[in-house]
Amino acid sequence: MTLGSQILQYIISGISIGSIYALVALGFNIIYNTTGIINFAQGEFVMLGGITAASLVTIFHVPILIAFLAAVIIVTAAGAFFERLAIHPLKNPSVITLIIITIAGSILLKGIAMFIWGKDTYFLPSFSGDRPIHFLGAAILPQTVWILGITGLVVILLSAFFKFTLAGKAMRAVASNRMAASLVGINVKKMVLFSFALSAAVGAVGGIIIAPIALMDYDKGAIFALKGFAVAALGGIGNFGGAIAAGLILGILEALGAGLISSHYKDAIALMVLLLVLFLKPSGIFGSAQESRLKKF
Amino acid sequence: MKKLFLAGVSLILGLGILIGSLDAADEAKQEPAKLERYKVGALFAITGPASWLGEPERNTVLMIEEEVNKSGGINGHPLKLIIEDTVGDGTKTVNAAKKLIASDKVCAIIGPSRSGCTMAIVPIVQAAEIPLISCAAAEAIVIAPDGKQNKWVFKTPQKDSHAAEKIFEHMKANGIKRIALLTGTTGFGAQGREQLKKLAPVWGMEIVADETYGPKDSDMTVQLTKIKAKNTQAIINWSIVPAQAIVCKNMKQLGIELPLYQSHGFGNIKYVQVAGGAAEGTIFPCGRLLVVESLPNDHPQKKVLARYKKDYEDRFNENVSTFGGHAYDALWLVIEALKEVGPDREKIRDYLEGKKGFVGTGGVFMFTPDDHNGLTREAFEILTVKDGKFDVLEK
Amino acid sequence: MPLLEVINLEKHFGGLTAINRVTFSIQPGQIKAIIGPNGAGKTTLFNVLTGVVPPDGGEIRFRDGDITGWKSHLIASRGIARTFQIIKIFGDMTVLENVMTGCHLKSKTGLLSAAFHLLPVWREEREIAEKSIRILREVGLEDRAQARAGNLPLGMQRLLEIGRALASEPSLILLDEPVAGLSGPETRELAHLIRRIRDGGTTVLLVDHDMSLIMDISDEVLVLDYGCKIAEGSPREIQNDEKVIAAYLGEEMD
Amino acid sequence: MIKSNYLALLILALVLAFIPLAISNVYYLGILIFVGINSLITIGLSLLMGYAGQISLGHAAFFGLGAYLSGVLSTRLAVPPVSALLLAALFTALVALLIGLPTLRLKGHYLAMATLGFGQIVYIVFNAWVEMTGGPSGFGNIPRLRIGGVVFDTDLKYFYLVWGLVVVGLFFAVNIIHSRVGRALRTMHTSEVAAGTLGINTVRYKIQIFVISAVYASVAGSLYAYFVTFLSPGTFGISFSILLVTMVVFGGRFSVWGALLGTAVLSILPESLRIIKDYDVLVYGAVLLLVMIFFPEGLVGLIGRVFRPRSLPEKLRT
C-alpha cells in the first residue's frame, strides 16, 4: 500500500466520522441559536437514535427504512419531552443553571437508555452490505457513501427549512433578536421547543447512520457530544457552515494524526483543538470576534 | 444567628442519622444464626461499567452457596456469603473490603472482578492478613514490590502471559514471524500489550506495528490501514470491550486477509454476534468452558465444566461465561480449604498455597509459594469462530 | 483645568448613532446636568464614560489622563462612580453590605489574606463597616443598615445606590435620573444631598427629566438630542435656547 | 454572621473529634475519610459555582493531577509526601491559571467547555503515559503520608488528618466569603455591570477563585493517593466531575455547608441503599434535575426554609 493511498484511506475515514461530528455540531447550533443554551445532552440524542434503530432492526426485524424513520420520530419526541420537562419550567435561568440542567438531562437520558436496553452493545447492519468500493488503492465502504449522502441531505433540508418555511424563518428571527421576535408576535417558547425537537432529530440521524460502523450502547453519547462540541466551537458556535467545515477538518485531522503520528493520543487531538480555539479565538475559526461578543452570553 | 446555629446542629444530627443508617442497614441483613456460620466475603462489580464481569460472578457464587447449604453445609457449618458491589470503582472497593474485614469479619475474600480494584485493596488485605482470591486477570495482582508473591493474595483467572505465549506458540507453528499489535486502552488491553511486547522477542516475533484504540472508539480503519501498509503476517487484537468486534468488521471492510488473533477477552459470544459474520475464522486462546461439548470425555476438566455450564444455564437462562467460572473456582477453593482447616485465616492461606491438582473451570491449579495462580499455559485451548460459534481449532 | 474632558465622542449600535461627536468638559466642583428627550443618548453617554460599553470614536480624558476605552473597573479606580437609571443595588445583600461593597476600591484585602483572616484583615473590615455606617447616616439610611436591600422602597434604594457610589470616594459621581419615581419631598431631600456631595468635594454629573430640580441645582447644563450636543450653558441660557425649545416641543408633538 | 459560621465550625470540629470514639469500625471510618476527601473538593467547587457563578466540569482532573503528581513524585522520585503534596498543588494552580486566564475573560459557558475538554485530556494522558502513570492498569505502592515523625498509616490517624484539613478548608472558605473578596464575588449574582463601576475586577476574582478551587481539589487528590496508595485513571474521569457538581447542587450551591452536606449524603446513601447502586445513573440524573427545577437552593435551602419560612436566601448564602 503506497503512502498516497494510505493517506487517501485516512482522509476517507476522517470524512465519514467527521460528517457525524458535523451533524452533532449542527444539533448544538440549532439549540444555541434559538436559546443561547449549550445542550450538553446532544450526544444522548445520537446514542438514542442509533440504539433505537439498531434494536428495532435486530430484535424486532423491522425493515431498515422504517426503523430509520421510527427512530428519528422517537428521538424527536424525546427531545421535545426533554424541553418540556427541564427547560420550559425555568424562569429567567442563569447560564450555570442551564448548564447543570442539560447535564442532568444527559445523565437522565443515559439512565433511561440503560433501563430500557441494559448495558449490551447493539449493532445495525450496514444499509447496503460491506463490500468495499476500491478507489485509487483505498477502500470506501458503502456505509461511508450513505453517511456522506445523508449528511448532505440533512444539510440541504435544514437550510431549506430555515430559508423557506415560516417556522424556520421564525427560528432565525428568534436567533437574531429574541426580544424583537417576541414583539412581532413570534411565540419564542414554542420556537425553543421546536429547536430541541429539531436538533434531537438531527442527532438521531447521525446516530443511525454511524451505528453500522460504530456499534451502540447506552454509554456512547458522551464521546459524540465531546467531539461534536469541539467541532461546534471550532466552527464558531451558532455558525452552520462553520460546523460542517470544522467537522470534516477535525475528522480528517484525527484520522491523519492517528495514522501518521500515533493512535495513542487520537482522542486528545480534538480536545487540544477545542482548548486552543477557546484560548486563542473563542469565536471559532469561522466566526468573527465581534459576533461572539454580541451574543447573549 | 440562633437559627443558623439550629440549622447547623440539625445538619450535624442529620449526618449522624445517616451514619447510623449504615449500621441499621447492616443489621437488617442479619438473621439469627442457627449454627456457627463460615463467613466468606465477595467483591464483584455487579453494577457499573464492568457489570458484565460482576453479574455472572455474583450469580455463580449465589448458586454455589445455595447448593452447599442444601447439602448440609461445610462439615455441618452453613456457608454465609457476604457479597458487596464494587461498581468497578477503586474507592468503593476499598470501602467494601474494609467492611468485609472489620464489620463482617469474614475469613476469606473472593474477587474483586477488576484488576485495578484488586490492586487498590492488596495493601489492605496484606495488612489485615486475610486471604484474597482475586477474579481479575492482571498478573501484577499476586506480585509484591520485591518480586515475590503477595503472601495473602491468590488469583484464579489464567495469566495474560500464558495467553500471549499460547498465541505465539500457534503463530510459530504456522510460520508467522512479523506481527502487528492492536490493543484497547483499558486495563486489560494495556496489560496484554505489555506482555505481548515483553514476550515477542522470546518467541522470535517481530512487532512491526503497535496501535491502540479507546473503549468507545467508533472506527478502527485508520489503525488497520496503518497496519495494512506494514508488511505483517498476522494481527493480534487484545481487548475486552465490545469495540474489538469493530476490528473484525473493519478488517473485512478494508479487505485485509491476514489471520486475526484475539485475546481470551474475546471469549464472549455476544462479540461474535455484533461482528455480524466478520468474526469468522478468528483465532484466540481461551479456557475450555466455552467449548465443553467438543472436549474428549476423558479430559480432566470435562466433568467440572459440563456441570457448571448446565447448572448455570438451567438456573439463570443465559449463556455461561468464563468470568463466572473464575468466581466458581475461587469459591470452591475457599470451600475446600474451610472443609480441611476451618475458618482460620492463616490456615486457609497455608492450605491454598499448598493446594495441588484442584480441577476448576480455568484449568488444573497447582499452587506453590512462588506461584499464587497455579496455572500453566495449558489451561488455554486455541479456539476459533466457526459458523458463528466457538469451537476448538483443529490442530 | 477641567476634571473631565470629552472630545468628539461617538457610539453606534448597528446603523443607529447613539452619540454623535459630542464634546464637552466638566470643571472640578461643578454640578453639571445633561438633559434631552428620551432616546437622546444620555444613558449611553454614561455607559461610555464609565466603560460599560466601549466608545467607537473620540477621546475621554479624566484628571488629565486618557481613559478612552478602559474597562469599567479601571475607570472606577481612577475615581468615577455612578448610579443607574434602573437601580442595580445588590438586592440579596444587606444595606450595610451594599455600602461595604462600595468601599472595594478603598480597601485592599486580597484572597489569601482574606482566607487567613488575620488581624489586619479584621481591622480593615471594622474600618469599612464604620465608614459605611457613616455614609448611611449621611444618606439617611442608618436605621436600615441590617435590612435586606431588595426589600427597601424605591426611594431608599436610590439613596442606597448613591451611598454605595460615595463609598468609593470618587472625584466625579454620575447620577442617572436620581429622582425618577420619587415624591416631591423626597426629591427636595435628594437635591440637598446632591449639594452636600458637591460641597464635600465630589464633582457631580447628572441626568434627569425633572427640570425644576435641574434648574435649581446645576451650575451648567448640556442638552443632547439624537446623540448630538445642541446646547451647553448656564440653566438660564438653556431655558431660552431656541434649539432646546424646539427639541422639546418636537418631543411633545410625537 | 462570620461568628455564627465559626460557631458551627467549632461544633463540627468537636463532633468530628469524638466520632472515632463512637465508631471504631474501620469500615465506617473509611467511608468518612472518603466523605472528607470529597468534601474538600466540593467546598472549593461550591466557591466557584455559588460565588463566582461559574461551573467546572473538570474538577476530577484537578483531583487526579493532585493524586498522580503526589503519587509519582513520592514513589518514583522519592520526594517526601508533604513536599510532593505542595508541589502538586502548585502545579495544579498553574494549570488552572492557564485555563482560567483566557476563558474567564469571556462570559458564560466557556469555562465549562474548556474544563470539560481539559478533564478529558488529563484522563487520556493518565491512560496513555504508561511509563509514568502505569496506564489503565494504574500504579501502586505509594508510600504513606509522613509529617515530621508521624506516619499516617492507620485509618484513625488519617481520619483526623483529612477532617482536620476539611475544617481548615471550611475556615478559609468562610473567611473568604465574609471578606471584601467574598462581597465582590457576591455582586456577580445581581449585576456585573454595577460591580465593574464600583471598581471590582470581576474577572480577576473569578480566576482567583477558580485557581483556589483547583488547589482544594489537588490537595484532596494527594490525600486520596496517600490513603489508597494505588491509583488508576478510572477514578478521575468525567463521571466523577459530574458527581462532584451533583453533590454541590444537591447540598445547596450557595453555601459551603451545602457542599459538605451534599457530599455526605450522596457518599453515604449509596452505601446503605442498594437501589442507588443499581441505577446510579438514573438516580443521579433525576436528583440533579429535580433539585435544579424545584429547589435550586438545595438541601441547605430546604433546611433554611424549615427554620426561616420567609426570607431564606440572604443568610444562607453565607
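Read from first to last, the chains carry the letters A, B, C and D; within each, the first residue is number 1.
Here is the rule we go by: a residue touches a chain if its C-beta (ideal position, glycine included) is under 8 Å from a C-beta of that chain, and two chains touch if they have at least 3 such contacts.
Source: prediction; values computed, not measured.
Taking the mean of all protein Cα atoms as the centre, the chain whose own Cα mean lies nearest is D. Centroid distances built from C-alpha atoms place C farthest away from chain B. The count of contacting C-beta pairs peaks for the chain pair B-D.
Computed centre separation for the pair chain B/chain D is 34 angstrom, with centres defined by C-alpha atoms. Between the CA-based centres of chain B and chain C the separation comes to 72 Å, rounded to the whole angstrom. Mean C-alpha position of chain A lies 37 Å from that of chain B. Contact with two or more other chains is made by residues 185, 212 of chain B. In chain C, no residue touches at least two other chains. Within chain A, contacts with two or more other chains are made by residues 222, 264, 267. In terms of which chains touch, the assembly is arranged in some other way, matching none of the line, ring, star or all-to-all patterns. All chain pairs that count as touching, in label order, are A-B, A-D, B-D, C-D. The residues of chain A lying in touch with chain D in their complex are 38, 85-86, 89-90, 94-97, 99-101, 103-112, 114-115, 222, 226, 229-230, 233, 264-265, 267-268, 271-272, 274-275, 278-280, 282, 292, 296-297.
The touching residues of chain A, when paired with chain B in their complex, are 1, 3, 6, 9-10, 13-14, 16-17, 20, 119-123, 125, 130, 132, 134, 139, 141, 210, 213-215, 217, 219-220, 222-223, 254-255, 258-259, 263-264, 266-267. Against chain B, in their complex, chain D makes its touches with residues 1, 3-5, 7-8, 11-12, 15, 23, 25-28, 30-32, 34, 127-128, 130, 135-138, 140-141, 155, 224, 228-232, 234-235, 257, 260-261, 264-265, 268-269, 271-274, 277-278, 280, 300, 303-304, 307-308, 315-316, 318. Put simply, chain B touches chain A in their complex at residues 49, 51-52, 185, 211-214, 216-219, 221-223, 225-226, 228-229, 242-243, 245-246, 249, 252-255, 270, 274, 276, 278. Across the complex, chain D is touched by residues 1, 3-12, 14-16, 18-19, 21-22, 24-25, 46-48, 85, 87-91, 94-95, 98-99, 101-103, 115-116, 119-120, 122-123, 138, 140, 145, 185-191, 194, 212 of chain B.
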